[in-house]
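Structures incoming, each one as structure tokens.
Look for chain A in each of the two complexes below; its partner is chain B in the first and chain C in the second.
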Partner chain A sequence: MSETALKRNRFGNAMIHLFFALLSIAIVAPFLLIVSVSLTDEKALVEFGYSFFPSRFSIIAYDFILRTPGALLRAYGNTIFITAAGTVLSLLITSMVAYTISRRDYRLRVPLTVYIFFTMLFSGGLVPFYILMTQYLHLKNSLWAIILPGMLSPFYVLIMKGFMGKIPHELIESAKVDGASEWRIFFRMILPLSTPALATLGLFIAFNYWNEWFNALLFIDSDRLVPLQLLLVRIMNTLDFLRNNSEYIQSLGLDMSQLPNESMRMALVILVAGPMMFIFPFFQKYFVQGMTVGSLKG
Partner chain B sequence: MRHSEAVLPSAIAEDKPKSRKKLRGSDKELSLLALPAVIYIFVFSYLTMFGVIIAFKNYRYDKGIWGSEWVGLANFKFFFLTEKAYIVTRNTVLYNVWFWIATTFCALFVAILLNEISRKWSKYYQTVMFLPTFVSWVVIMYLAQIFLHHDYGFVNRLLESFGLNRVRWYLEPADWPAILTIAHMWKSIGFSALVYYAGIVAIDPSYYEAARMDGATRFQMVRKITIPMLAPLITILLIMTIGSMFRGDFGLHFFVSGNSPLLYNTVDIIDTFVYRALSVSGDTSMAAAVGLYQSLVGFALVVAANYAVRKINEENSLW
Partner chain C sequence: MKRARYMGIVLLGLAMLATACGSGSGGTASPSASGGASAPASASGGDGALPEVTLTWYYGVAQVSPDQQLIEDEVNKIIKPKINATVKLKPIDFGSYTTKLNTASAAGEKFDLVWTANWAFNYDENVKKGAFLPLDELIDKYAPETKQAIPQFTWDATKHQGKIYAVPNYQTVISRYGINVIKEYADKYGLDTSKVKRYEDLEPFFEQVKKNEPGIVPFMLVGPLTKFHPFFYGYDDYGVKIGDESYKTNSMEESPEYKQFVELMHRWFEKGYINEDASTVKQIDSSYNGKFAASIEYTMKPGYEAEIKAKNGGRDIVGIPLTDVTTTRTSNIATLTAISRTSKNPERAMMLLELVNTDSKLFNLLSFGLEGKHYDKLNDNTVKTKPNGGYIASNWVFGNVFNGYLIEGQAPDTWEVTKKLNESAVVQPTFGFNFDDTSVKAENANVAAIRAEYEPLLFTGTVDPAEYLPQYLDKLKKAGSEKIQAELQRQLDAWVAEKKKNG
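Presenting the complex of A and B:
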């Protein structure tokens, strides 16, 4: 390469790094902002607004929440239960059915495959689903209303089937020759062999359950059953009208300072979403695998 | 356990998998394995498909599906005769089209640049860009408010410091297509760039080597090798977008806008409209009708998209 080309190349690289540095800042900025707000003194927030550096540092918001952590802990408990139970059950029924349609010698393979994947093409929509859940399954105000709807997806089946289809048929044949039943083959041989796929898919499912809010929004009214994401929705909803209409509130003669404080709400967001923000990125590779199969091969 | 298995003669099938009749017992066992999923899908997918008849009834919770009276197409008329039908359909389709264009451009751009730098740095940037993928829309609603809050919001304070007037963001429908685009891109750029990056990495490096020998510049290589090689991937993603043209991202439109009624004109999509008709205004049957309209058009689009894929490349088609 000639001298000038090399120089141009180096300049180009510098520009690319500059671009990514700016992009990274833009992506990280909202996180920094929310952390800063949660650590800012309430009066300073009102005076100076939200900014990237706490105008007056204060941890009172965290102190406040952690002194009466009841609602937060209960929400964590609910979310952990939903995630754990949902992921285990989901993996179980997904892998069971995925195995059967990965077996070329299974006679009902084709009709079963059509039966599963037709649901990707047409759905009854939200209303029949809502009526089914509330009027027929009576799952209003039950954590199962959050666990059941996301338990089996054709995408999950597709991912598992893709993996299980690669297990050599001779292994299954030889187990059968040894007298093992299909169930025994599945639980003793196929499942252990599928650990990598189960881990990838399980992580993906767990992530979906952890961040679930839609079904919670539809079916959970009881305070005791609120999962983490719904807790955040509720805290916003009680205030979102008021906070954007401060003049209206003043005209009603309400005192703004009576409203729960800003920093506390942001601190709550961090306590709810923060821990997983540190854990999930370590598993990024698996997410990418799960998501690309889900979105591309779907 | 061993005993009971040994009793099943067909489980010890002859080593010829072709002799199909002999596999009967084995088929039954496999069917039993599939049973939980079969029941699940029947209840959650097929029963709800049957539930679309609600759209043709005046559904009342006290009378149930059977007891409620038939009203024919009244629910559909009620929806299509209002301006709402046009607004939510337009918004849903336009956001999908626009997001596809914006995402393709930005993600391609980012992916191409990622490929120009060392793997170490590229991986580092990818991790940062991927962070928002893990954040739920509920949390993003809070992040958006930190920027857009009328009194304390970062953007309004910034405007003030330049001597400009504050904006009531949650009351100004005109700005929301741009705001939602930013939110959407912020959350999804890491993933969509990664999809294209994976596509670029898979390109045979010998193409680039040959081009370099011939003295091609970086730009020429991108234009003459990278983009053409990614064309199939871009096409597939386009077809998938077409297939889901009638479905929007509920969380983005519902939470980021704070579900502010003044913004419905530019923010509302079919999904949020159905949700509100069901759970806020209690217009159950009309919501079902809109949902059925969405499903039917969606179905037609998927079939059409799949037909298009088959024309281009059979391997990528759904059936």
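Presenting the complex of A and C:
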């Protein structure tokens, strides 16, 4: 009796393992294909197509990209700057706004919360946004055009507010009695108490900045200011776009050899995505820790 | 236990968070909507000494080049003494071009020249939105040579309600429909390409390939590129039978030729002559190299076989034309340059266009860069571009390509032959007529959606027309195809009357 149950259990486990093994393969396989293509000789690609093992091994694509690494390095620099500056500023402003509207003794907290919530439902739309950014703030061709729009997200403010609202009001009052100024209360008490929420939001904000390319597409003309993702999107999008419109372009005789060839594109994907893929697992540990710390306290 | 529950809650919260940022991070800044575009400044029409101006020129490129600034400086050295203007070149990659320009144009950003086409930053849509200035007078006054170099039908193709809104970048404007056969197989199975006049003539050849060449698809089709070609059957693009003086439009889908075509394709599909994934493949790219024996070709322009050979992994091909050389509106508006309604100096912009279209030095500089640095001259008129030279652009986004250099591999007389072909093209009776779908917009969208669903299936033979064709016709009717047809006929009649009146 118990033996059959055990057997059934073992069978169930095997199925679960099988399922996740297949899932993992499905996730990893395309990436391996990209690695393989990036390491294949371009001529072999043209002749035999894609395959999981390079039909003719070549590192010329990497060699070519890394010989003039200027554009790639600059893009990394831009993205790192955007992510670092953006995340710090965004966390600071988000937590300040959230703290203000979480204070029970603040008279305007309800209207302000509604005001912030309102922007989640309605936005001005793309064109007014573009006009504001280019004609009033004159942010065309500036990295601030990428940092500013992502700086204050109403959704994150509300999450932060929820977290900070749970900090006992008596704590703030007692600090006040002890003679602490508002700034001191915020920076020395509230922020340290909110570390778990800050860590979680920080992760998401950093991701958003790291992956941001649409604002860059709209506002960045200069090649020196292109962030990493836009560099990639441009190349991939252009190729897809030309492919999908081949009906019209055929007669124009667009020289496709002007575009980076297959193996070079794939090598670029690896060079753009690769470092993050190795770095992320290490960081993830800390973020997960940060989250669980928060839950234990509550 | 308690810990696990909390973790669950946190994870759930995180999941919600993740979906929320995925979907709604677009409008985070909540910009206050303020003010529309400012009115364009009144044109400064002062003759005599031209005041110095700066023009902005947006155009598409495959990839933005590192040496862009260098080219801009050189261009300005040429144009400054001639029209006392400098130009700010703004190349945008094709993939971002439409989004970027649509936004900039809607926001009323100031720029002067802008590249447009029927496949990127759509010309017709933007004319209707009023994004461009009408150019007839400017062309007559400032660009007479450009006007003269381009045939009348190409100008007609750009017209909206009788007005020109963009200057065509004149290039190959012909369309000739046919079949490409890989020479290796044609020779092996003794296909006499000169005898092929219809699709059916290829059947014995396909049969042989199917039988003797395992793994080779006899006839490689791709969904979006496989079309029923009315001109091949003696109709023009609006379904008017060529030579029909009454200009009666016919619904192509209901014609016997259409039925015959889809039935043939289905028969071939059933026999395995056509690739199984035909309805979903987007383009024959390098991954299909060496896996098929024949494919469809749309623009059999002079020397195209050499171009295809390179893409095909070095296999020679033979082109079999199935139709006469014709010209369609589509191929005439595939690349144009317009002047934005926000331009402060439309006159000067037109002068610059005239320069680009007549001064071959300037045109070559824009298209190919600097000699020695970005290209080498093989002879007087042919160049070899350096792939890593630091500057690449497409000559056809700037102006009349016949003024420029040829690229290595093109025959020395390519331009002459192409020009002649362009001028000899059969101009279809309704050429220049442009259907205005404003009154049947909803129907048109519905019909287009149904077409997009059925056409790739029917044309590639993937489904049985006995079952799907009647179903398709029925759906088209329900979507309002008859209403569109009636509106088309009404507009066409008016157009014909107008044309007759003007002689």
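Basically, the second predicted complex is superposed on the first by the 241 of 298 C-alpha atoms of A that agree within 3 Å, B and C clash if a C-alpha of one lies under 4 Å from a C-alpha of the other, contacts with A are read in each partner's own complex, and residues count from 1 in each chain.
Definition applied: a contact is a pair of C-beta atoms (placed from the backbone, for glycine too) under 8 Å apart; a residue touches a chain by one contact, two chains touch by 3 or more.
Keep in mind the model is a prediction, meaning the values are calculated, not measured.
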- So, does A:Phe204 touch the first partner chain B, the second partner chain C, both, or neither? second
- Could you say whether A:Leu18 touches chain B, chain C, both of them, or neither, answering first, second, both or neither? neither
- Would you sort A:Gly49 into first (chain B), second (chain C), both or neither based on which partner it touches? both
- State whether A:Asp223 touches chain B only (first), chain C only (second), both chains, or neither. second
- Query: After lining up the shared chain so the two structures overlap, which partner does A:Ala84 touch, if you call chain B first and chain C second: first, second, both or neither?
  - Reply: neither
- First (chain B), second (chain C), both or neither touched by A:Leu66: neither
- Name the contact category of A:Gln135: first (chain B only), second (chain C only), both, or neither. both
- Message: Contact-wise, after the overlay, does A:Ser123 reach chain B, chain C, both or neither (first, second, both, neither)?
- Response: both
- Task: See if chain A has more residues touched by chain B or by chain C, and give me that chain.
- Result: B
- In the superposed arrangement, does A:Val233 touch chain B (first), chain C (second), both or neither? both
- Task: Under the contact definition given at the top, report the residues of chain A touching chain B in one complex and chain C in the other.
- Result: 45-46, 48-50, 119-120, 123-132, 135, 148-149, 151-152, 207, 214, 218, 233, 236, 240, 243-244, 246, 262, 291-292, 295-296, 298
- Using the touch rule from the top, collect the residues of chain A that touch chain B in their complex. 9, 12-13, 16-17, 19-20, 23-24, 26-28, 30-31, 33-34, 37, 45-46, 48-51, 92-94, 96-97, 99-101, 103-108, 112, 115-117, 119-132, 135, 137, 148-149, 151-152, 157, 169, 173, 176-177, 179-184, 186, 207, 211, 213-214, 218, 229, 232-233, 236, 240, 243-244, 246, 262, 265-266, 269, 272-273, 276-277, 280-281, 284, 287-288, 291-292, 295-296, 298
- Query: Along chain B, where are the residues that touch chain A in the complex?
  - Reply: 1-2, 4-6, 8, 11-13, 15, 17, 20, 23, 26-27, 29-34, 36-38, 40-41, 43-52, 54-55, 59, 61, 64-65, 110, 113, 116-117, 121, 125-139, 141-143, 145-147, 149-154, 156-157, 168, 170-171, 186, 189-191, 194-195, 198, 218, 236, 240, 250-251, 255, 258-260, 271, 274-275, 278-279, 284-285, 287-288, 291-292, 294-295, 298-299, 302-303, 318-319
- Going by the contact rule at the top, pick out the chain A residues touching chain C in the complex. 45-50, 70-71, 119-120, 123-136, 148-155, 159, 200, 204, 207-208, 214, 217-218, 221, 223, 233-260, 262, 291-292, 294-296, 298
- Over in the complex, which chain C residues touch chain A? Could you list them? 3, 6-7, 9-10, 13-14, 17-18, 20-21, 24-35, 37, 62-64, 66, 68, 90, 92-96, 99-100, 103-104, 106-109, 117-120, 171-175, 224-225, 282-283, 285-291, 298-299, 301, 307, 310-311, 313, 330-331, 334-335, 387, 392, 394, 396, 407
